[in-house]
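Everything below concerns the one structure shown next.
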Amino acid sequence: MTDTPARNDDVALRIRGLNAGFRMSDGYLPIIEDVNLEVRKGEVLGIIGESGSGKTVTGMSILHLLPENAETKWEKFDFLNRDVTGMDEEAFRALRGNHMAVVFQDPTGAFNPAKKVGWHFHQVFERTAVKSPDHAQRAKDWRNAAINLMRDVGIAHGENVLGQYPHQLSGGMLQRALIALVLAFEPDLILADEPTTNLDNIVERQILDLFRDLQKRLDSAFIFITHDMTIAATLCDRIAVMYAGRIVELGATREIFDDPKHPYTQGLLATALALEVKSGERLQEIPGELPHPGDLPPGCVFAPRCPHVFGRCEVERPPLFDLPGREVRCLLYEDDDVSGR
Amino acid sequence: MSLAADARIAGADEPLMRIDDLTIRFKLGGGLSGIMSDGPKHLDAVDRVSLDIRKGEVLGLVGESGSGKTTIGKAILRLYDAHQGSIFFRGTDITKLRGSALKALRRDLQMIFQDPASSLNPRQTVRTVLATPLLLHRVCRHDEVDRKVDEILTQVGLSPIFRNRYPHELSGGQLQRVAIGRALTLSPDLIVADEAVSKLDVSVRSQILNLFRDIQEELGTTIVFITHDLHVARYLCHRIGVMYFGKLLELGPTNEIYENPRHPYTEALLGTLKPTAKDDANAPIAEAGEAYNPTGTTVGCRYYARCPYRVDHCQTAHPPLENISEEHKVACYEWQRIGQR
Amino acid sequence: MGFIWYLIIRLGGALVTIAIGAVFVFILMQLIPGDPAIAALGENATDENVAAFRRMHGLDQPLPVQFWIWLSGIAQGDFGKSITLAQGYPVWDLMVQRLPNTLFIAVYALVIAVVISFFAGSIAALRQGRMSDTAATSASILGISMPDFWLSYVLILVFSLGLGVLPAFGFTSPLESFSGALVNGALPAFAIAAPMAGVFARILRAALLETKRKDYVTAARSFGFRDTFVYMHYIFRNALIPFVTVIGVQVRYLVGGTVIIERIFGIAGLGSMMVDGAFGRDYAVVQACMLAFLVFVLGVNLIVDIICAFLDPRRTH
Amino acid sequence: MTGTSKFSGVSRRNFLVGAAAGVTAAAMPTWGRLANAAGKNHLNVGLIGFSVVNTLDPQKAGLNSDFWALSAMFNGLMRILPDGSVEPDLAESVSQENDTTYVFALRKGVKFHNGEELTAEDVKFTLDRVLSEETASPNRAKFQAIEQVEARDKYTVVLRLSVPSVPVITHLHNGVTGSQIISKKAFEDMGAEAFSKAPVGTGPFKIKEWRPSERLEMVAHTDYFRAGEPKVASCDILLIAEETSGGTAMLAGDIDVASTIPFADAPQLEADPNITISRMAGANWRYCALNLTKAPFDDANFRRAVSMAFNREAVVKAAIFGEGTPMQGAIPSYLKTAYATYERPVCQFNPERARAEMAKGKYGEGTEAVVLTWGSGWWKRWTEIFVANVNQVLNTKFSVEVTDANVAFQRYKAMEIDAENTGWIGRMELDEYIGDCFRTDASRNFYKYSNTKVDELIDAGRSEFNPVKRGELYRMAEDLIVEDCPVIFAFNNNAHNMWRKGVEGFVPTPGQHLGSQLGPVSVPS
Amino acid sequence: MAESTFSPKRLAREILRNRSATAGVAIIGFMALAMIFGPSFLPYDPNGMDFMAILEVPSWTHPFGTDAVGRDVLARVLYGARISMLVTIIGVSLGGAAGTLIGMTSGFVGRWVDPVVMRFVDLLMAFPIFVLALFLMLVLGFGIQPVIFAIALVYVPNFARLARNTTLAVKEEPYVQAARLMGQSNLRIMLREILPNIAAPMFVQLTVGFAFGIVIEAGLSFLGLGVQPPDPSLGVVMADGKDYFLAHPWVITLTGLTLMVIILGLNLLGDGLRDILDPRLRKRSMA
């Protein structure tokens, strides 16, 4: 194997200055701007945002899986301490699966509807065979390996599941199977894109428990994309909050929950947690609506909804300010910036 | 003040609507699936459910997808025909109403749908949407329509400038406000809100929840609020009914249900709410067993396969809904064992 | 098994359609003005000739009786006898002579259309937005826009009279000489195939593009599978379903095309026989041809459904 | 047919682009196309413009195409020569016992396809069968003058007629007559239905397979009574419905001999050195039949006006590309004894006289009438020209209505028309042009024309055995008819026959009778 | 956000932005102009016979040559295209209207009506399309009105099925349920709520229908069953040209070419409209 990067650092992924958008029939539509991320091995990074905030595009950019009409720009993309910026697509393809893998939001859609679940396992094990002779050996006995893996993710009768078509399985079951597929790769980076959104409450909880459990067992780096603050709180080590294509706040989970800096984070926490703690009072609102990516305000993208807005907000796109243990994209914290900008 | 705390409200003794032994039966696919499956050719989406809806209350119906909560909601509104049982509204069985009597009934019963984008005719302006029922039911004269429309718009927190907009020019939150406005045009006695906030973004959701509460407090409209979101249910509802595969499993005042659940399923559902610390290994909240197959031939309790409390007796028949206190009903043979953990 | 049941029920449905179709065709035939006696006896016929002819062929019976005789005949495999096309000739024998030719041309055209569209559609989808896509897409829409009967004459002009490489007229039954049928059927088959190939290519392109956007394709790419593998097993495999479905829909255009084409190229097929029969008011022949077309279209649709059921496990399981 | 199929002969054509068009005759295998053809002594005959041969039973047959095909398998007692004269065929001689009794001495040793010898019984059986009401032969009317058929001995047949009739004798030829002699034994053995598919006659070819609306496959009748005929071992008659396809088939070498060609293609085909075209005045006449019982054609002045307003030259030139001649009556030039060589003013294009004639009658400008037509392009085209022409000259409001042949003929028979373009082809007997069409109550006099003087002349003509005198009588009748103008006489089109280089022995006839001419035809080996 | 509401102005803008729609509009526009104004610019009467100029090769005086009776082929083609288009547009529109009505009612009413109607639609759809048209011509007789009627009838099942399927989909849309909850009558729901929302696919189908409808017209007239002389339609002119196609191939080839260009324009327009009007495709392009 030539595409295995050396593992001499525990930073699995480092991204600087990621921009992405789509070429549309009526021009270019920017979706995300200036995204900077870092994930260490064994760490769970949560990306939180509402629909349209660009969190999925961020995730798919990392795997080079955006649709053909997408355009991405990177300042820097290090993966396992190897600079993969501008790597050619075929070489990057070799990284996918064996080194970075995704758990999708809709497990039903992630399986080839014309093929049985077993076929998927077979192909995935075949794909891992290049990793090492052990893997090659395992690929030969893929059936047992698959059943073992499925047991790990809580599928008791894997042998039955192998012979079934995706549509014959429930969403929860499929999500477990998909996770098993991803685990078969033993990837260095796992991206989970709202993996529980389409599931019922109880199953959702079970899958989340499974993730929590896996994350403890594996030393992979995790990126967990979600719109749900509660889930993020219970699962993630660090959290990046996205709004309208930008990371507006990034920091350790506990700190962000205890002391949200960005007005948007504050509002989000207030509205989300208000329901949970059940004050019984009127819920706190974030007034207004999410902006359309093609129609962003000229200044801070949150300015029109921000309770702390002041003059410059409406004309200036704030950069990400480095605070101790925190990055915030808000002019309120300009003076607290420690990077010396 | 908490609404839920005020569970017993004026006129509670005399239900606005009484659902009696209601069954809604769907024929299963005439085409392929019907022929291919060996099972029965129909599905009881709602299976012998009895329920009172009290005047002025917010009754929450919670459950997972496929539990029949939406079906009940639509049956109340005569969008589905009852296979068996009756629905008494102000003393009249409405399941048999036709023609002008049905049209008259429409004024009193309204609905708010899950997906705001598809609940408004994309070819009609907001004004048309709101004016149609006004004119159809002769609520006001032609020359008063615009004034009345503006009144409604204001009531749901929209500026009158929205009057001539088309749905695609509105955001999700605004659309839902229009939909709520439409439901209010005829000053109905009862509104069924079907997952009315689940498609909305977190930051917009609280706006709409607040709107619901305002309307309820101002107008005293009875609301049947269908949701899978337990936080939302707790926030908004006076009483909660828990459904599972067509059956009503538990019914009681919100506080009672949340603090003292007496059905294993309710308990499991609520278990998903408990914020889990990141490192906290949780006991399974429900067995991972196969869910009940609604088209199968299983008799006995529908929750049997996943129930941690199951005993042999549970397999004989689905337990009846019993009063365990004046306000609290449970359909479980083993309810006394629940909640004691 | 479920699938067998499915087949039985589909076949039953088709039979019902055919039965209603039989009534429909019979009524339609009777609505056509004119008299088979004139067609059969020619211009010398006298009124008494005509009367004798009508009596001889049971045309003087009340319509319901005629219908009953015809229907009960069919139930016993007797499609009646021709009266104006080949007096006294059993219609079934005529069908046996003609059917192979029409089937051959239809299948030939279908194969040409599928092969062309396979390449054109795939290239267009794989190189979406590039020159080859534009070329393939333009060629498809040009193909769709060519009326087959006009194309026939252009083909004759170029390939028969101009280049002298393919015959303009005459056809050999594939039962007599398969290679002969292939050569002689080339122009008519191509004339029918060209517009269809255009339709198929566009459908395939659209289906491929749509499938390409599916989540499972993204998932497959996330597994790091090779592009060719993803194309074959994910994209093409699943795009086949709408592609095959469209073939079923197109059959009624295909078979309709044979009516004019068979005349132009002098192919003794069902289409030309039906036209001759219609002009000759040969009721039994036309009714049988119509039923044959009906059975053919329904049959192809059934086969298409079965293929789809195999391609798409969601339909059978 | 040499076993190679060539697509040569069109390469000179200027409309084809590219040097490829200049490539000469590329030899190509036939790919087994005409399966019998490969390397054998085989003849392919194209019957162009027809899609149906309805029956092979001569007494049942009614369509021209029926006879053109089946005549290859039969003979009549008489045969007709290209110049119109009649001579004995199966009969050795014909003699007259008195005005109404004819004696036919049969040729001896003539064998049917089944090997049986032809006897007087077969002839009697055949003729009785035509005459029997039960048979419902469409040609029965032709023989109504026969009172009795008698088989005097094995080789002698006697016909007794009710009136002296020349036409009856002519109608015994192997054409559109229904009098082709069939084998009594074979017919009785096989039954009518089987016989109609595989008939047994005395002709040069016997049936091998009949594929209706497609082709007739025949093999040589080796015991044919004309020594040395047929010249080929097998022969197929192919039905080619599209006229254009007939031309391309000939150019491509798919057929060796054909009757009729598309008028437009004649020069093209003629220019091809590999194809021989014969062209002669055809045994046909084209006219516009008028409904004499109702307005506006109940007025003779108006009819004459229309006739004189009609530019026949233009129709001949444009509708049939000059392949024909304008007609001044019903008798085509091929029937020389009766053909009028002088001008008849009523049939001459003359706008002034036409308008003057119209002024004398009941109807004037703006008169409306619908001309019914049907059929192929050139047929509709001549209707179109006719109508446009008359409207232009007379300022009338004639219009064209098109329907299919069946409906057209049905309405024609019932005279549910104002006018209809029609005509007859393949008639060899003079009486068929005058007597059948214009005698009071004649079988094809649907327009109910009646003129006692004409009737008398026709009756005289029917019993006149001297051909010259007979022609005179019919021409005189025609003079009277033209003056009454019961139909608008239009034109006579050329009869074409064509054959490929190397084909020999084909004798074209004005009636384009194909089958009866195939015996002496040979193909290059 | 899916754009599903169109003002004419907006539609025009969308068409201009769509390559194939623009091309289609350009071609159809050009052909329409040629059809409407062309004949009056040409010094020839489409029915004016000139026996001095029979079957002339295309030249500057007769760009498409002349036919057997010396009529200018271009004049006949332009005039014939007008008749062909008119016949097709009226026929397909009639069929489309009837089919939409039948399909919409069938889908909306459901119960026993739907299976009965759909069985009949299935039956009609099992007949080869040209065979059905040919038959109807024999029953109805030849001429312009029968062709219109035959084309209309042939198209009824296509539209009925499409309308029914889209109606079934739209019927379940919450806004239709909402309309019912407002107490709107079924008729009103069909006309106000459903029809406007199934109009787009019907409209697309209509354009595509024109494209094949004109082939049916030409085919029928080509066989001599359709439009009848002296009225030229494209099929009539081609049928004329067929008679002398060996010697004078330009009449059929050039007329056919014109027909092809018209169909091409309609197809391109249909393609473009589908892109513009089909919300499913639009959503996808946003994904």
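Letters A, B, C, D and E mark the chains as written, and numbering starts fresh at 1 in each.
Here, a contact is a pair of C-beta atoms (placed from the backbone, for glycine too) under 8 Å apart; a residue touches a chain by one contact, two chains touch by 3 or more.
Predicted model, so just to flag it, every value in this text is computed and none were measured.
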Shortest walk length in steps over touching chains, chain C through to chain E: 1
Farthest-lying chain, centroid of Cα atoms versus that of chain B: D
Two chains sharing the most C-beta contacts: C-D
Longest centre-to-centre distance from chain A, chain (CA-based): D
Centre distance in Å when chain A and chain B are each reduced to the mean of their C-alpha atoms: 33
Averaged-CA centre spacing for the pair chain D and chain C, given as whole angstrom: 38
Euclidean distance of C-alpha centroids - chain B vs chain D, Å: 87
Separation of chain B from chain C, taking each centre as the mean of its C-alpha atoms, in whole Å: 53
Touching two or more other chains - residue numbers and ranges from chain B: none
In chain A, residues with contacts to at least two other chains: 67
Chain C residues counted as touching two or more neighbouring chains: 33, 157, 161, 213, 317
Chain A contact footprint on chain B (complex, rising order): 1-5, 64-65, 171-174, 201-207, 209-210, 213, 228, 230-232, 234-235, 268-269, 271-273, 275-278, 281-282, 284-286, 288, 291
Chain A to chain B touching residues, read off their complex: 50-52, 154, 156, 170, 200-202, 204-206, 209, 212-213, 227, 229-230, 233-235, 237, 253, 267-268, 271-272, 274-276, 278, 280, 282-287, 289-290, 305
Complex contact set, residues of chain D against chain E: 10, 15, 243-244, 247-248, 251, 262, 264-265, 267-268, 314, 317-319, 321, 375-378, 380-381, 383-385, 387-388, 400-404, 407
Residue ranges of chain E touching chain D (in the complex, touch as defined): 47, 49, 51, 54, 68-70, 138, 141-143, 224-225, 228-230, 239-240, 242-250
Contact set on chain C toward chain D in their complex: 33-35, 38-46, 48-49, 52-53, 56, 82, 84-89, 94, 97-98, 156-158, 160-165, 167-172, 176-177, 179-180, 182-184, 263-266, 268, 272-273, 276, 279-281
